[in-house]
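Please read the structure below before turning to the comments.
As written, the chain order gives the labels A, B, C and D, with residue 1 at the start of each chain.
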Amino acid sequence: MVDLEPRRTDATEEAVADVTVRAREFEAEVVAVESVMLDSTLITVRAPNGLASQVRAGQFVDVLCRVDGSYDPLLRRPYSVYRADPSAETLTLLVRPYGRGSQWLAAQGVGTTLDVLGPLGNGFSVAPRSRNLLMLAGGVGAAPLVLLSDHALADGRNVTYLMGAATAEALLPAGQLPSDVEYVVATDDGSRGHRGFVTDLLPEYLRWADQVFACGPGPMFRSLRDVSRAHRVGGKPRVQVSVERGMACGLGACLGCVVETRQGLQTSCVQGPVYDMDDLVW
Amino acid sequence: MVDLEPRRTDATEEAVADVTVRAREFEAEVVAVESVMLDSTLITVRAPNGLASQVRAGQFVDVLCRVDGSYDPLLRRPYSVYRADPSAETLTLLVRPYGRGSQWLAAQGVGTTLDVLGPLGNGFSVAPRSRNLLMLAGGVGAAPLVLLSDHALADGRNVTYLMGAATAEALLPAGQLPSDVEYVVATDDGSRGHRGFVTDLLPEYLRWADQVFACGPGPMFRSLRDVSRAHRVGGKPRVQVSVERGMACGLGACLGCVVETRQGLQTSCVQGPVYDMDDLVW
Amino acid sequence: MADLSVDLAPNNPRELRLANPVIAASGCFGYGLEYAGVIDVQRLGAFVSKGITPQPRAGNAMPRITETPAGMLNAIGLQNPGLRGFVRKYPKLWETWRVPAIVNISAESVSEFAAMARVLDEQPGVAGIEVNVSCPNVAAGGFCFGWDAGMSADVTRAVRAATTLPVIVKLSPGATDIAEIALAVEEAGADAVSLINTLVGMAIDTRLRRPVLANGTGGLSGPAVKPVAVRMVYQVASVVRVPVIGLGGIVSLDDALEFFMAGASAIQVGTAIFAQPSRVVRLIDELDAWLESEGCASLAEVVGAALPTRPAGPGTATAAEPPSEFDFAAALATR
Amino acid sequence: MADLSVDLAPNNPRELRLANPVIAASGCFGYGLEYAGVIDVQRLGAFVSKGITPQPRAGNAMPRITETPAGMLNAIGLQNPGLRGFVRKYPKLWETWRVPAIVNISAESVSEFAAMARVLDEQPGVAGIEVNVSCPNVAAGGFCFGWDAGMSADVTRAVRAATTLPVIVKLSPGATDIAEIALAVEEAGADAVSLINTLVGMAIDTRLRRPVLANGTGGLSGPAVKPVAVRMVYQVASVVRVPVIGLGGIVSLDDALEFFMAGASAIQVGTAIFAQPSRVVRLIDELDAWLESEGCASLAEVVGAALPTRPAGPGTATAAEPPSEFDFAAALATR
């Protein structure tokens, strides 16, 4: 007789999203395009009713980066929501031209209609009692932390936004952040702010912060982990990171984007992309 | 022993183009875009040195109808040269939005750079002693006959240009033809010119014409053949037609575009697209 | 409204009657739930669950997916909660749904396949079983069941004996002679066949100088594979009598029509759902409208329309008759 | 300048030495002449002629080609002037060329293959023979030579005996186990193997309700097939010792590098030449520049870089070792 009982108790069962994600696939007209951060583009699109007010910081949208009639590139690309304007009913994305999808997207002009699926993902969670929020941004990782800053200020919290880049021109311009945000920068070449890694600045803010939120490239995460180990006390403050995985469906169906966590395998598109750093197995 | 001598004497050997086609693959900037004939577009591109003066009427160019970085649609699309301006060094194409390639092409704006291969094909041949040239155009088949008219007038010949379409708006506007051309039209709905098929007009011009040049949709060709059978005398005037085959290489290499002629199989991209109607096996 | 309904198990008293022939493919639709907040899942003809195995599986290491020209590679490695975990959760939910749910099963031995079918037989909310034979047969040294007619038939026979549910056998395109496999599983009692599963492919990360996927190879799907899928459906539909379910790269109505005309009674949409979820539902409406415009009262009128009138012999991919004379005018007619 | 040269017949005294590893594929470059007015043909590593058959062939009826997602189908039907017609015309022309010309041959029996090789052996201007085994074996009821290891070996052995020219055997992706075929033709005396030929596919004209191609089926090529080709090259390069020539969907430098890293000593470009002729020559320069930037003195340093260190056993498609731990940071590094 064949044994059909589990041989091991792992977390594969939980990996299947129980939640049904409420997302919309919509036609989004590009209403504004702006160059920013050296080579990147801010693309603002019209969003359907209510979406801009519902979206949570850290959530993303999946954009089809091709014209109708072409099947290549085939899959959608995820982009974090950079800013959401509920009164104008618009969403803004920060797109760095990297490969085929993003280059196509960054080249679209006002008036183009994009096929967008969202909002997707869990988003950051800010504890009700957190007063002081510390953002740690690298490159286009700046995007979800801008929306988080907007929301945090609206809720009356304090925000310090640390950002690192190679040179001054690759930094998010200060004008992009609300004036109440304390904006502290680092550049590799010292052309603005601290000369060195943005994570060098972390220790002095860790005591101040009730929560830390990070999004950036791999090396930044590795350094964040090391600094946290050395400088956090009793695992405080908690650190949430937004991770990046190749995605196909964005809805927990394909299991292509899983992340190993202490709670088992999780779909980073539904159960992520935001995780408590200490929950990640890495 | 295996017999390696030909079993049959057919024309497959001739089907291999002996001529090496001189063509250039070039980046062509779109310098003008104009709507014409209901839904079609005239696209004018900058051509490399000398090409606009070398191109023969009836030749075509192969255009890559996708952005770099996308592999779909994969193959080039052939478009007849509609007009060539040697002083401005430009070529103009007449593009009807039909499927994926032409829709993409027709949507490109001024400033886009296209990847173009050409000039390709044999082009029409006008006998030195031909005085009176009769054009027979249907739909975007108008394109090569416009360039042929331009060249014929420059050589001091007489041109009558017959064109048929469903409605007046689908006709080539008279302003697109040199004023010395006699332009005679037919529409299915009678909204301009003769009500009926353009080939109804043929008989009265066949006696006048020294040569006939035709390009248009299948039904027009069928009707041209029937009218010619009934009204030509001793096979005169000669009729040249430009045929359309799916093409991959445009250079006689793939053998995907062959046409059966009385001289054997021929590659319509090199040995065509222009044939003496009486040479086609159909 | 044309008649879009289809019974995919005409030889089975339990039937597998679908309101329309558009099915979401296995592995591309989770357990139905995942897409319920985005599209109206109940409008589909049916959906096929992610592949279930006897035991829970954690799947392969990451990366598991990568994009290729007009396609994608996946090596999920059948991550799933195992049959028991599956049974605890989904059948009772699906029982409340209108859309038929088909369970896709994979195993590494004939007896495991049979054991799974036996358990599923009793479950509410399960409309049928799709048997994925594109998996290694451990007893045969890891050679894929689906590449061998005998092994494919063995699995089919065992599953057939273990359940009265409609049984669809999903064929692997890795077989040199797919028609031979199809005939073998038909003979062994399959109610229907579905094809194609993914082709085995690989992408290399040239920066890291190793395969992109942690598993090395992966399954190729999406529009890129459509011509291979249409050919195989045509080949199989030419020789079997059971319904053929066609899939592989379907995105648009025209793609779907290619499969219907090649002989598919129903179609599945996989990868394209990832790209445009709403399109799979729109496809049903478009198909209905197209049939109307063609004056067809039912889909059945176009199924197999491109097949040669008499089915070809086993294993041949004979073409429909070429036009008897060189049709110059017809070829010109696109202009 | 990195060393781009490669000898594709190291076991053959006549050698098949190429200045660089970029070859124009059979059927996509005519007889070399067709592209001579558009690109500098002499810069190529080599080119392979259109497939030649013992007798002249008029090829298939039209339509012969159609486009598919990121690919194309062709059913040219080997239109060619026959061996004698070919011999009258091209070898003496090629003798004046710098670029090595390889002749692609097809036949329907082992003895015909051998007879062709015997004639070519004496021709000037012919640098090697590529044996296309993707054709029906009339003696075996039309079953494709290339799908059977024994039949592929028979052809190879016969050609080997008939000529001292370098012999490349071009493998068909229709074989379920391509590594087995590759080993068989290596054993039978092939100097090198090239792969892949086209996959068999079909497109349906839904307006006419019949296959688009007059022949019904056609060969699928272009970027769409690249993942299948890379996988097969990887699989074959893991087991054979003779040089492997990789092809199938190559357009860009990155595509070419995938094949080199999967174990190809040289590559062929087919369909992509139709789309962008100038790119095949640019590829040589890009490859050179890339090797320089990577600090490689020769191409050989990257050939097989993605292969597992020890070749896997015959017929297995074992992946390179997956990263030992879940490399979170590396996966994030693309951001």
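Going forward, a contact is a pair of C-beta atoms (placed from the backbone, for glycine too) under 8 Å apart; a residue touches a chain by one contact, two chains touch by 3 or more.
Just so you know, these numbers come straight off a predicted model, no measurement behind them.
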Would you mind telling me which chain pair, B-C or B-D, is linked by more contacting C-beta pairs? B-D
In terms of CA centroids, furthest away from chain D sits chain A
Starting from the mean Cα coordinates of chain B and chain C, work out the distance between those two points in Å. 45
Computed distance of Cα centres, chain D from chain C, in Å: 32
Centre distance in Å when chain A and chain C are each reduced to the mean of their C-alpha atoms: 36
By the touch definition above, chain B meets two or more other chains at residues 71-73, 245, 259
Got the chain D residues that touch at least 2 other chains? 62-63, 69-71, 222-224, 326, 331
Graph class of chain-chain contacts, one of line, ring, star, complete, other: complete
Per the touch rule above, chain B residues touching chain A in the complex are 66-67, 69-73, 99-100, 103-104
State the interface residues of chain D toward chain A in the complex, per the touch definition above. 69-70, 223, 326-335
Under the stated contact criterion, what part of chain C meets chain A in this complex? 27-31, 33-39, 50, 54-59, 62-67, 69-72, 74, 76, 79-85, 89, 109, 111-112, 115-116, 119, 222-224, 251, 271, 273-278
Can you check the complex and tell me which residues of chain D touch chain C? 60-63, 68-71, 73, 142, 147, 174-176, 199-204, 206, 209-211, 213-218, 220, 222-228, 230-231, 234, 249, 254, 257-258, 261-262, 302, 305-306, 316-320, 322-323, 326, 331
Which residues, counting only chain A, touch chain D once they are in their complex? 71-72, 98, 138-141, 216-219, 221-222, 243-245, 259-260, 280-282
